Every structure is written in structure tokens, then in C-alpha cells.
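Worksheet: the structure to be examined is printed underneath.
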Amino acid sequence: MTKTSKVLSMQEAISRHVPSGAMVLMGAQMEQMIPFSAGHEMIRQGRRDLTLVGPISDILFDQMIGAGCVSRVMAAWVGNVSAGVAYCLRRAVEQNVPRRVDLVDYSNFTVALALHAGALGVPFMPTYATLGSDILAKNGNLREFSSPVSEEKLVAVRALRPDVTILHVQRADEFGNAHIWGNLGVAVDGARAARKVIIIAEEIVAPDVIASDPNRTLVPGFLVAAVVQDPWGAHPSPVQGYYGRDHAFFTQYHEQSRKLEDFEHWLERWVVRIPDRPEYMNQLGACRSEALGVREHAYSAPADFGY
Amino acid sequence: MTKTSKVLSMQEAISRHVPSGAMVLMGAQMEQMIPFSAGHEMIRQGRRDLTLVGPISDILFDQMIGAGCVSRVMAAWVGNVSAGVAYCLRRAVEQNVPRRVDLVDYSNFTVALALHAGALGVPFMPTYATLGSDILAKNGNLREFSSPVSEEKLVAVRALRPDVTILHVQRADEFGNAHIWGNLGVAVDGARAARKVIIIAEEIVAPDVIASDPNRTLVPGFLVAAVVQDPWGAHPSPVQGYYGRDHAFFTQYHEQSRKLEDFEHWLERWVVRIPDRPEYMNQLGACRSEALGVREHAYSAPADFGY
Amino acid sequence: MATETQTETTHDYSLSELMVAAAAREIADKELVFVGMRLPMLAFLVAKRTHAPDAIGLYENGVIRETPAPELLYTMADPPNLRGATLCGQMLDIMALLQQGRVHVGFLGAAEVDRFGNLNSTWGHREGQLFRLPGSGGACDIACLARRTVVLMAHEKNRLRERAGHITSPGHGRGNGWRVAQGLPANSGPSAVITTLGVLRFGSDGEAFLASVHPGVRVEEVLTNTGWTLSVADELLETAAPSTGELAAMRALDPNHFWTR
Amino acid sequence: MATETQTETTHDYSLSELMVAAAAREIADKELVFVGMRLPMLAFLVAKRTHAPDAIGLYENGVIRETPAPELLYTMADPPNLRGATLCGQMLDIMALLQQGRVHVGFLGAAEVDRFGNLNSTWGHREGQLFRLPGSGGACDIACLARRTVVLMAHEKNRLRERAGHITSPGHGRGNGWRVAQGLPANSGPSAVITTLGVLRFGSDGEAFLASVHPGVRVEEVLTNTGWTLSVADELLETAAPSTGELAAMRALDPNHFWTR
């Protein structure tokens, strides 16, 4: 085998694979494993005119909107799951601050179906969801049609194929074969629909570890453009088996993003002045990270692939 | 919790949940984990007019057709994977022996999509597969239509919802929550599309074992009507981590089903006269089963669900 | 009214706790429940610990749970909600059950509800100004596809409106068979709106009516705070106070009143 | 012919081995290959061990493998094909890659192939009698959706027919843009038919022509055994014999000649 490693630093991965103007899927696992460290690197590298795609976004989209990286959001929900609204989103949509952002409203299911269509290689997926809603009325990627096999109305959800899907995962090998467990959200279809995948892993492990459980390999390496080892890269969101959700951080962000000036301070302090995730974790403090660590391990029963 | 066990004997499970005339999905994991013991019990209980559904069938459908249980097969391939054609199928289709069987020809992908539509709760799934083929021309459940979002021709694969899906699995708890690993074929959609699911498990294990790895629980118990513990129930097909494929048995069946008379002897010897799987394994002999057993275990790396 | 109102009762429970208890009672045993977040999440857990031990919780991030999570959840993807789950999978795994019609009841919140139970969680309005809300999440999907939906929200005149400013999640539309005409499943749609003042239910014409008022609330207060002329049930009830068991369950789950403050 | 035929050569390889080697050479390095069963499975493994070490094998039961299975396979779901796989999942996971157009080449067998590469694996005919064959399996899907398809089969006049009795797996239909007119993906379709006598390829009009004959085979023999008037390439080649490396690889994999007898 002549395979070469796909491991890059976060700086390199974003620099090479996420240009301004790209359609980027993040937050595929919903409130788990949000690739904050990748989003922060995009802010630092000054990306502009991104289209962000995701079912929900638990404050990462809000931060990137506030930083001026985003011109469009295709999502079902943008906010702060445990604390409420997204103030940067509101400023952008209501006042064009720091710049105008177009929102293309989906429901969770229709985001999932758009990616599913992309992953399956068909132009659309049919559903009953959104019939009768203003989501259907206003989103040009949702179109009512008549079922070809029954006397029913259906909605055709047009396929989405992100330029880049960024997934934070528990572990991967250097070739990008990635194990993910816990709730998967739209991670599987999100990766397979994408033109490129970037894997951010808590751990890079030997290929044998990944190959020991091919049913957990939800992203095969041949779809992956880059692998970044970035422990704690999902903080303040949780990574099952690695660290918990930093609820207080979300609440603090809520308060500190309410006013534009406060948000700008927050961004300076937590993103702009920070070179990378190790430094971010230094700033967060060992006390906080220890409190978020795993207190009780709970290992899966083994599956025997022997013969 | 007031949950009651769903464990039944094979006799009871088939007697209660698989009536004559039912549409039954078996062989969902393709050449792995074919529920031979369940099919044999249907033969013994004299089921008639079954519609068998599956992508392929590695001799189980042939046996049931030969035994006269079947009036229709909706499948992509019926035969003997390592040895060739299915003689009972041929006798039924070419000579109506022992009775006429209607074949509804699919491709593998369109069987999978029909079940996927059933599992997703939509009337059809779109695909480019089968365009231009006689499969499309002759199968009334496949219909060409125009994409509602593009200028393309597509095929609508009508949803299938089997009355009963029978899955052989590695392990389950008494409530039907089932772990499956290895190649999954159409097992996930097959279970979820069905009105009832019967789980045939190599092992019934404590609920904690199943709950230790909820990503491997591909069939949740609330979809399951009955759980049968039936070790070696998939022989001669393999069960990853439990036993290998008995290639010789497939070859022998090929020879012994070529002529009607020989097939009738085979059926008498391996199905009709056999009360259950332990007796079948006695007849097969310890020597053979030992040779098929796991020589080298290969356990999956644990996933930590702790926090 | 079926029971006398006691306007000056000293409550030994909070309004949120009353709403959670009322929401919990919308769940029958063994039902599949699309749980959602915040008060409904608590309501589901209360139901599990009281009258509906075999209710099954579905979370759109990809989780199915038959046993309650052992800790308070701030989000449905908090680690305690995944460990020991019945199933962890994809969002589509969960939405598929919804679209198959297997889900009995889903819980929703909203900024606005209207006369026919249509919900808006996309665009708020305050003093004539629109402001942006987080959006549907899975609310539209649940509103379209669950057999019953239950809404929890504050009862304010500018939030219970004659017509929702934006239909994020369709209720009965404009009433009278509108859902079926849209292509939505038969036997689906809004079942109850549990507000801070009472509980609204829906007639066969799809219009909401006041089914019960919370203890201490006057009917006039409800009507004054509703943005349309709200019908009142002939047999108006008083919303039952939380039982000791319900209160114990919710306080065990949320001892610091994060969700029921 | 480009090279001289040596009709009386003593082969130190079997015809099956020649066909496997020819099939293996249809795979380029790093390609995604829909492997199938029998000789193609062996061809894929030979390619992996010789010129295409980073080819990726896809199996429609739900398996993706980058490393060759360590043992001879009788079926794609044999336990050695699952242990250590790149991915084990659902059939749809694999078919999705096919439908996305990511799969470079797929291998097929058939009872009949016709002038335009259409395949029949559903109904055979012998002396005017139809007989039932196992059916498509994934063949139709691969024929529709893979960028290239390669067929392996015995070269018999009643199997290479002017027109297939049943189009299980569409090739170039009736030629001249037929695939695109049907709605099939551009840049897809039959690439080669490797028979027991030679290799057929396809012109831009979709019609098959004889591109090479196997060592020791005369062109007339091919033409006589083909059910239509087969065109012959201006630069007809001789199919290259298996290399020492190719033979070593296939014999290591199948020492008892289960597949190459």
C-alpha cells in the first residue's frame, strides 16, 4: 500500500480546503461534537461569504455570523440551545450588522433529507413534512409535487452537496477513517453528500483500532480530504466519552453576545487572539476542563468480528 | 418498568406471527445471517401463499418454493450464491411444480429503496437505477416519472412494507433490542418498514449489554413482536463472530435439489423430520459445527459512552 | 366552569410546575413521544416516573430512550441522554418513525400560536417591529407528522394571535379540513396548547377553545389576553394541580429549578 | 492483428486465469470498484496485489475494503471479507456511492450479451426453451450507474446475441446516445466484454467490436461464435497473457482453483 497520511494542522486544513464562498456543513451531530475549533480558525483566517449549512447550530453559526464570515445560512434553527436566541444572527438579519446574511429556512427533517438526497445521488427526496407551512412557501429548495405512484401531495426537497463537511469525531486513523458514536444527527449523510470532508478528531489512533469495528466507521477515509488531531476542539459542546457540555460557557456567551461591543470583546478574547486549541484550553483553565472530563467510563460490550 | 419479555419458542413465534398469505422479508443481510431455522419452521407448519421479499436469497427461498409455501417472490436474485442456479425456483416458474410462483423482478438497489421508502414512511423513492431495463418495463412497482426539481427522468420505486421481517442477529435482549454487526444489507430498513419484526438471536443477553452500545442497536425493541433464541439458526449461512459459512452444504444442496425427487428427500431429511435447530445440529454433527466455529476472535475496540 | 375557582389559593407549586404536570398528562403509557427540549423534556420524564413508565422518548438528534436519563438535561445531546439509550442513530432514523405515523405525541414551543393552532417560531414581532427567532428546528416536522401535538407557551395577547405572522409549524391552517387538503396525514395535528393561564383544545372545525383554566385564573383574564375571540368549553375545567408524585418527580430531576424557575 | 497469433502455444495458465488477468487490468489504481462475485472478485484481488494496490472494493451487501481479504471468498459476506473491512454498513451506503457517480468500474456476468452490450441474466434460452436464471442481483444497478462496466462470460453463439432476450442490465441499448435518452448518467456504460475467446470493446456509436483475441484464438473462431456480424478493430490486439505476478497472486488466493478451474 502506498497510502499517504492525510493529517494536517488545523491552520493548513482550513487554509487548503475551506475557501471564501464555500458551502460548509458544520454541527452535523447537533448539540454534540460541534467543530468549534475549525470554525474559529475560519474566523481567524478571515473567510468571507460562506454559506453555512446545518440542522441546528448551538452558537457556532452565531459566532461566525458575528465575525462577518457568512453571507447565507441554510438551517432549521440558529440559536443557543440551552440559553435562547442568537444575538449576532439577529443583528445580521435585522440590521445587516456586521453584514447582511440571507437565511434559507428549513426544518430539521428537510435539512436531513436534502443531505440524504445528496448522499444518495438523486436530485431530491420526497416527504410530507412542511406541507402547509411557510417554510415550504418561502424556501425555493422545497417544492410541492404530485406523487407519481399515489394520489398524494408531497414536497420535493432538493439535494444539497456541501463543498466541505467538517465533522468533529471521537477517533480516526491518519487516513481519515473515522469512528463516531452517540447521536449522529446528519453526520453520515453530511459527510457522504459533501465534495470534501475534514475530520477533526479527539484522537488519531492506529488503523487497526478503526478496522477492528468497521460498523462504527461511518466515514470511510477515501472521502476525507484532511484529518486534524485537535483534542477539546468541540468545547463547549460535548464529545461522548471525552468531555461533557460546558453549559456555563453557553450561558456566558448568551450574556456576552447580547450587545455588539460585548460580542466583539468575546470574539477577540476567545478566537482572534487565540492561536489554537491548546492555547484556548489554557485560557479556559485546567480547573474547568477537569470538571468537564469523564468521571465514569462506560465501555461498549465488544462485538466479535472473528471467524 | 412493566415491560414483559418477548421471548418465544420458534414454533410459537411462527405460529403467532407468520400466517399464510403474509409478505415476509428474510435474508436481509444477504449471504450472512439468513434465518434458515425460521424458514424451516414455516415449512413444517405448512404455510402457503407467502410472498417472499429480499434482495437476494442464498437457497432459503429456493427451499421454501420447493416446499410449496410460496406464491410470489419479490427479489433481485434467487439462487445459490457459491454454486449457481436455484432448481426449485426453476421448477416452479418453468413447470408450476409444486405450484406456480409469480416472480416480481427487482434489482438489489430497488429492493433496498422499496424498503427504504417503507421505513421512511413515503410512498416511493426516486432513483436512476433500472432506467432502460426490462426490470423497469415489467415490474409494476417501478414507474418512470419526471423529476419535479430538474429536467431528468427518474424511476419511482414504490414503498414495500412487509407484514413480517425476520432477522437473524448476533444478540438481543428479551425485549427485542438487537445488536447486529458485519454487513447489514437491507436489515435496518427491512425491520423498520415492517409491520412486525421477529428477531432470531444467537444469544439473548442482559439488557445492559445491549444498552452499553446504543449505536449497534439497529432494531429497537418496540418494533419487535417476538424474540427467539436459536443458536446456529442461520446455518449454513455465516454469523460473524459465531460461525462461518458451510460452503459444502450449499454445494451439496445444489446437487441434491437438481432433481425433484432428490429435493424431496433433502427436504424430508433436513426440514420435515427435524423438530428444531438443536436436532438439526445433531444431525449435522459436532465435527462439522466445530469446523465452522470461530478459530480466532477479533473483538471491536471499545467505545466509551461515559461522561 | 366545572370546578370553582379559588383565586386566592396559596400555591405550593410554581406555574411552570403546573404546566409541566399538565403536559405530562398528555402522554399515555407506551406511547412514542417526540420529546423536544426544556419544559416538555421535563414533562416526558415526569410522565415516565408517574403514569406512563413505558412511554418511549424520541429525540431528533438521533436518540431513542425507554429509560429516563439519570440527570437533568440542558440539551437532548447531553452525555447522560446517550449513555444507556435504547438506540443512538441518525436524525433520519427518528424522523422516519414520525413520518410513518408511529409517533403519538410531539411537544412544541412557539413565539405565536393562532386561532387554528398554527405556530410561529421564525419571526417575532414587538411594537410593530419584526425580530428574528431561531426558527423551526424540528417543530414544523412534528407539527406536520405527529398524531397529536402539544404546545407550551406564555399566554400573552400578542403571542396568541388571530393569525400567526408566519406559519413555521402548521396547525389546522384555516380550519375545516385544511390539513387533509394540504396533504398532511389524517389524524394528525394540534391537540392542546398549555399556556401560563389555561389549556386550549381544538374542535372538529380546527378552532381552538378554552378547555381549562389554571387554578386562580379567571376566564376573563384568559379572554383578555387572547388575540382573538376565544370560545370557551361548555364544561370548562380547572387544570388539575400537580400531584405530589408529579412534583416529587420534577423536583428530583430539576432540584435547582433550572427549567421550572 | 498487432501481434502474431501462436495457435499451438502450450499455455502455462488456464483460460480462466487469462480472463481474470484481463479483468484485473481493467482496474486502475485508486479506483472505486464494484467487485461482485466469482472471477471478478479474484480479478479485483489480483489488481490489488499487482498494479492497483490502492483500488477500493465495494460490495453491495454493505462492505467497503481497502485491504484484500486474507482468504478465498465464496461469497462477499464470508467472514474474512468483513473482519478488518474499511466499512461495514447497509446496501444503500454502497449503492449511494454508485448513484453519486463515484464508482469507476463494476464487474458483471451474464447469460447473454448483445451487439450493444445489453445483458440478460434473468431468462436463459436453450433450444427454443426459456429457462429461469437467478436474476439481476445488483447487475442492473451497476450497469445503469457505474462509469464503466466490464462483463466476463463464455463466448458462445447463443449467448452473444444480436439482441438480448431480456434486458436485465442496460448497455448501450440500441446505440447512438440511447443511454442518455433513457436518462442514464452521461459517461457510464459498458467498457469491455471479456469472453473465453477475446475482448470486445465499444465504439462511440455503442456497438461492440472485437478489440483483442486471446492467444491461440483465430478471429474466424470469434466471429463464428458471435450471434451478430461482429466488427473487428483495425488494430486488433492479442490479449496479453497473465504476468508471473498476476498468476502468482491468483494462485495464492485460490490455490485449489475453485474459481479458476
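For reference, chains read A, B, C and D in written order, and residue numbers begin at 1 within each chain.
Please note the rule applied: contacts are C-beta pairs under 8 Å (C-beta built on N, C-alpha and C of every residue); 3 or more make two chains touch, one makes a residue touch a chain.
Only a predicted model underlies this, so the values are computations on that prediction, with no experimental measurement involved.
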Each chain counted as touching chain C and chain D at once: A, B
A-C against B-C, pair bridged by the larger set of C-beta contacts: A-C
Reference chain B; chain at largest CA-centroid distance: C
Centroid spacing, where centroids are CA-atom means, of chain A and chain C in whole angstrom: 28
Rounded Å distance, chain A centre to chain B centre (Cα mean): 37
Whole-Å gap separating chain A and chain D, where each centre is the average of the chain's CA atoms: 41
Where chain C touches two or more other chains, by residue: 63, 79, 82-84, 88-89, 92, 98-99
Shared-contact residues (touching 2 or more other chains) in chain A: 121-122, 127-128, 152, 154, 181-182, 184, 212, 215, 238, 240, 244, 298, 305-307
Each pair of chains that touches, named by its two labels: A-B, A-C, A-D, B-C, B-D
Residues of chain A defined as touching chain C within the complex: 29-32, 55-56, 58, 75-79, 81-82, 85-86, 89-90, 93-94, 103, 105-110, 112-113, 116, 127-135, 144, 152-154, 181-189, 237-238, 240, 244-245, 247, 250, 298
Residue ranges of chain B in contact with chain A within the complex: 121-128, 143, 145, 147-150, 152, 154, 156, 158, 170, 179, 181-182, 184, 205, 209-210, 212-213, 215-216, 238, 240-242, 244, 294-307
Touching residues on chain B, where the partner in the complex is chain C: 1-3, 119-122, 177, 192, 211-212, 214-215, 217-218, 220-222, 305-307
Of chain C, residues touching chain A in the complex: 37, 59-63, 74-79, 82-84, 88-92, 95, 98-99, 122, 130-141, 143-145, 166-170, 173, 178-179, 182-185
Residue ranges of chain C touching chain B (in the complex, touch as defined): 32, 53-54, 56, 63-64, 66-67, 79-80, 82-89, 92-93, 96-101
